[in-house]
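Next up: some structures, all given as structure tokens.
Shared chain: chain A. Partners: chain B in the first complex, chain C in the second.
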Partner chain A sequence: MSNASKDCGSPPAIQISRLKKCYGAVEVLRGLDLVIPEGSYTTFLGPSGSGKTTLLRIIAGFASVSEGTVSISGVDVTDRAARARDVGMVFQNYALFPHLTARENVEYPLKVRRLPREERRRRALEYLERVHLAEWADRYPRELSGGQQQRVALARSLVYGPKLLLLDEPLSALDKHLRGQMQDFLKELQRDLGITFVHVTHDQSEALALSSLVVIMRDGRLEQVGSPEQIYLEPNSRFVAGFIGNSNIVCCSVTARNGRLATVKLGDGTEVGVPIPAGVTERLGVGEKSLLLLRPEKAETGYRIDTSVVAMSGPVLSTTFMGTHYQVVFSTRHGEITAHLNNDYAPGQSVDVAWRAGNLIVLPAG
Partner chain B sequence: MPAHRIKINPIVLAAAPGIALLLIFFAIPLANLTVRSLTDPEFGLGNYKAVLGSQTYLRVGWRTIWISFLAMSGCVLIGTPVAYAIAHSKRRALVVATLAVLGLSFLTSSLIRAFAWMILFGAQGPIVAILNAAGLDVHTLLATQVAVVVGMIHFLLPIYALTAFAGFRNMPFDLVVAAEGLGASRWYALRTVYFPLALPSIINAGSLVFVIALGFFITPALLGGPSEMMLGQLIAISISKFGDFGFAAAAGVLLMVITLFLLSAVQWVSKAGQRQ
Partner chain C sequence: MRRSFDAEGWRERFLILWTIMTILFLLLPLSVIVIMSFSAGQFLTMPKELSLRWYQEVLTNGQWRQAALNSLSIALLAVSIALPAGLGLALANHYAPPRWRAFVRSAAAGPMIVPVIVLAIALFFVLAKLGVVGTRFGVAIGHGLLVMPFVFVSVSTALEYFDDQLIEAAESLGASRSYAWRTVLLPFVVPAIVVGAALAFVNSFDEAVIAIFVGQGGTLTIPSLMWRSINLEITPSIAAVASMVTGIGILIQGAAFLWLWRRLRVSVKLTPSGAT
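Our next item is the complex of A and B:
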């Protein structure tokens, strides 16, 4: 797991060790260890109160640590002021200076760095061009739309060439359509610049779409760190499974184990062999109560009943047309189950659905 | 014939007593004062000629503006950092203590505070003693411009600081944090981001104390000598000593005109500054 401080290669963009943060008696971050690789697009994902914004502010230098260290590009910056960290930050409310035009806003960090006037102007316009706002350079923030303000803020925090850009819920104030566009834009920008982006969000689809590394936080701890695929396919807890995508969760018990494969038994006696996610191997013992995760989008109809599938059937409770599929909720002896199917079903109609064993995920109940 | 029902906005109804009060006690007396300045003792601009035609009285007018300007400047210089500190400090005890001191001195009678300064500035006072010990040959500071300006700053500072504080509280301090994140020092961030945005609050509070200073009477009367006379004193003396109501009315109207003129000039300049 630890890819930290290998002797070869460049140091990680961010390395956090045993980090704790307390506000009075309240422990907001409870001992974090995290390595964020250079050039990655990392998202901190978690519900509000999970500590993700606090962690970002600590990396930026806007909040102090109670214990532990923060290194940026191999340099310990724990006690360094925000302005000496050379990190870009985009705030949730953009924090544009209302008395300065878009261009003057972008010039600000260059002015701080005492660049000559001409150079300042040239670079500010170059970055405004980059965010497609060159024609709006002389507008004041109040004359720009939310999306445009956002892009000015981006240009302002990139113009001085930081190696690291921190984004605090940058898309939360935008409408859904604009959010999609900005996601694509951010991803492209990150690829072009090749620098590390760290992006805080509470939107799981945003995290999956954007990142190369997802850090899931809960109650001041890291719940899981991995690629979007790992997080989605191999969640290591019920929390992560529930947070990423909607899931049906059914109780079961492990009856046998064979390497990365477990045989689990459902309440109705069905037995099925399922792969064990990498993160939970040690916590999944034979005989223990566990949970079986059935992703609605992995449901199939028209299958053959054998030991390689888990079948669910029952009367339909409701059907919702979602554009790409129908979301069908039906009642089974395992409880209410949701499946994404291609056909419309009337309420009361019986439906038979199955999940292939390979698409199932087993998790410890704890 | 159907009865007409007149609909009255309840807000207007609630404001009616206040509006009536303003009319009876402010608008009518003001009109009365203006009429009197033009008719007492006889119809014409005689009273205005008396005020504006005299070098002495003109000097009183200029001095009034000058001393008020000094007092306001002192308030801005001393009070702005104080207002900033109480608006943004995270040390609650310090904030509460400062607010308490400002509030209490605000509540203390200006007469008492002027008397206190008379003792401090007087011939037997500690300030003269200190200056003498430093080798300066000073007998008293009373009846000097220094005494008047210091006394007025003392009176006006709580008003300035509390008014500016009310404005500063709503300042977006996260912009200062953002500026620091972009590499600025705290001082640079304050100078380039906070101060320009706080300027309207500073101008408001400054204008307020300036206007109060223009018409102020007690402090200059007690701490200043005849050579430091301000317009307020001139008006008081022409009524109490000479019974010249027409002259006092003309001086009062002129004071009001000067105040309105200076205020609108400040407003105009600050609006132009914001537009730019």
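Our next item is the complex of A and C:
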């Protein structure tokens, strides 16, 4: 193993092996193995209680591990104090020092490192410039807006040049408009600096927009690790499919398999050939109950009925205008189905919608 | 509707009257003493003509000057004992596991709850064993114990509003625990320490029971000398001393609160200009 990792050049930013964390009798993290590559923007995504924040705090050094190891840049830091890990951390509530100005806050880590006063001031201002706050340098945190405080916190945790920045739900306290701006800003900053960002969030669109690697967590386990595209297009469980994007899930069974293609049969007898996602090939046997995932945004109207589509029709229950499309909910033999369509429908009106086989995702049930 | 409006009016009038009566009740005895202190006569009665005779008498009297010196040094010593003790207990209370907190709190508040006379008698025996009964140091130990809760309550109240994540933030930025405490926690609790110390100082300065039990002729403080003088002879000098002690107490506590208020006002005043 050690030889293999040497061959790959520099070690990964973070390597976690067989990590367990218990609080009393409660297992919060149940044996994790995870490699986060150098220079990636990784998000930990999961519902509250999934252990994502605990994992981040363990990487930061604020929580101890019960079992397993944590390595940062190839160095085992499992038993190292937070201050000896040289990791930057942005807290959910920013945690700026209230008695220090923005500049003094940013100077703090440099003061700890005993840099001379002039050097400290110069670097602090340089980083405040970087987060577009140079003219706010002498304000106290309470005089700054939430977004500005956030950027001071960013400057403070980057000014001493850590190779790894941890962000604990940094955007959750901002309003929607500001959140979008901050997302762009974070992404750009990460690209400019070229260091590894690890970002905890419970917002799936945030995770898809920001990351090069998404780690989906559930009940203290890793549910799926992959690029946003992989997570979106090839989810390997119903949980991931349901968590990422809005989905219609319909019961079906596999009737035949041919390599990466499966033929599935729906409750009404419709048969369709669909591709099998990479992560679930072993768990999808012939004759087994499975699930078919229909993304609302992939729905189409005006199709020809043949074996390459799955058709759904029924009376409309409700329509909501979303700006770019109408969200149409209608009732079918498979239950309520949601589709994003370009036309408005009156409630009760019948609608015919289809999904191309290539846009369907099949998953093992359970 | 009209009836309830009337009741409201009467309630308000009653409240004003009640407040005035309470203030009079609290301040009348004090003002009587202050007026008496300006008497020109021999006895502690309402003066017929005013003079500063007794102030001069007290300020030039060697016994009173010695008592003032004793009071001052004992109060300073007591504060320097109470400060680290109260601060340490407040930190212990903040960082202790929840089930230990009740224990720390009741231990720290103990001197406030136990009757002073009981504390004084107990202290006498302990300090006698240590051989410091009748010394200023002995009295200061007793006072330190008695006034420590002022520091504890003030600092631990402030700590309840302290965001512990700031210490984690400091540590993530490379600070050691003690550096983080010094640079982040200490600035936060300094106002509470100042107010607690001021209260502790004043309460030691005008304490009589422990000073009488544990002290001796050589360590007479102002209150214990007042007690002794009142038993021997009653002259307006007592009133003059009482007025001065009260004045000093008001000045010290007033200064501490004024300083605190200005600090708060500075931090509040800046907010609206920056929020835009």
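Here is the rule we use: the second predicted complex is superposed on the first by the 360 of 366 C-alpha atoms of A that agree within 3 Å, B and C clash if a C-alpha of one lies under 4 Å from a C-alpha of the other, contacts with A are read in each partner's own complex, and residues count from 1 in each chain.
Note that in this section a residue touches a chain if its C-beta (ideal position, glycine included) is under 8 Å from a C-beta of that chain, and two chains touch if they have at least 3 such contacts.
Since the structure is predicted, the reported quantities are computational estimates derived from the model, not experimental observations.
When both complexes are superposed on chain A, chain B and chain C occupy overlapping space and clash.
Contacts of A:Asp86 after superposition on the shared chain: both chain B and chain C are touched. Set against each other, chain B and chain C touch different numbers of residues in chain A, with C touching more.
Looking at the shared chain after the overlay, A:His99 reaches both chain B and chain C.
Contacts of A:Phe185 after superposition on the shared chain: neither chain B nor chain C is touched. Contacts of A:Tyr108 after superposition on the shared chain: both chain B and chain C are touched. In the superposed model, A:Ser145 makes contact with chain C only, not with chain B. In the superposed model, A:Arg156 makes contact with both chain B and chain C.
Counting contacts as defined above, chain A residues 60-62, 81-83, 86-87, 89, 91, 93, 95, 97-99, 108-109, 112-113, 156-157, 160 meet chain B in one complex and chain C in the other. The residues of chain A lying in touch with chain B in their complex are 60-62, 81-83, 86-87, 89, 91, 93, 95, 97-99, 108-109, 111-113, 156-157, 160. By the touch rule above, chain A contacts chain C in their complex via residues 60-62, 81-83, 86-89, 91, 93, 95-99, 108-109, 112-113, 139-140, 142-145, 156-157, 160. Every residue of chain C that touches chain A in the complex is listed here, in rising order: 163, 165-166, 168-176, 179, 183-184, 187-188, 267, 270-271, 273-275. Those residues of chain B that touch chain A in the shared complex are 172, 174-175, 177-185, 188, 192-193, 196-197.
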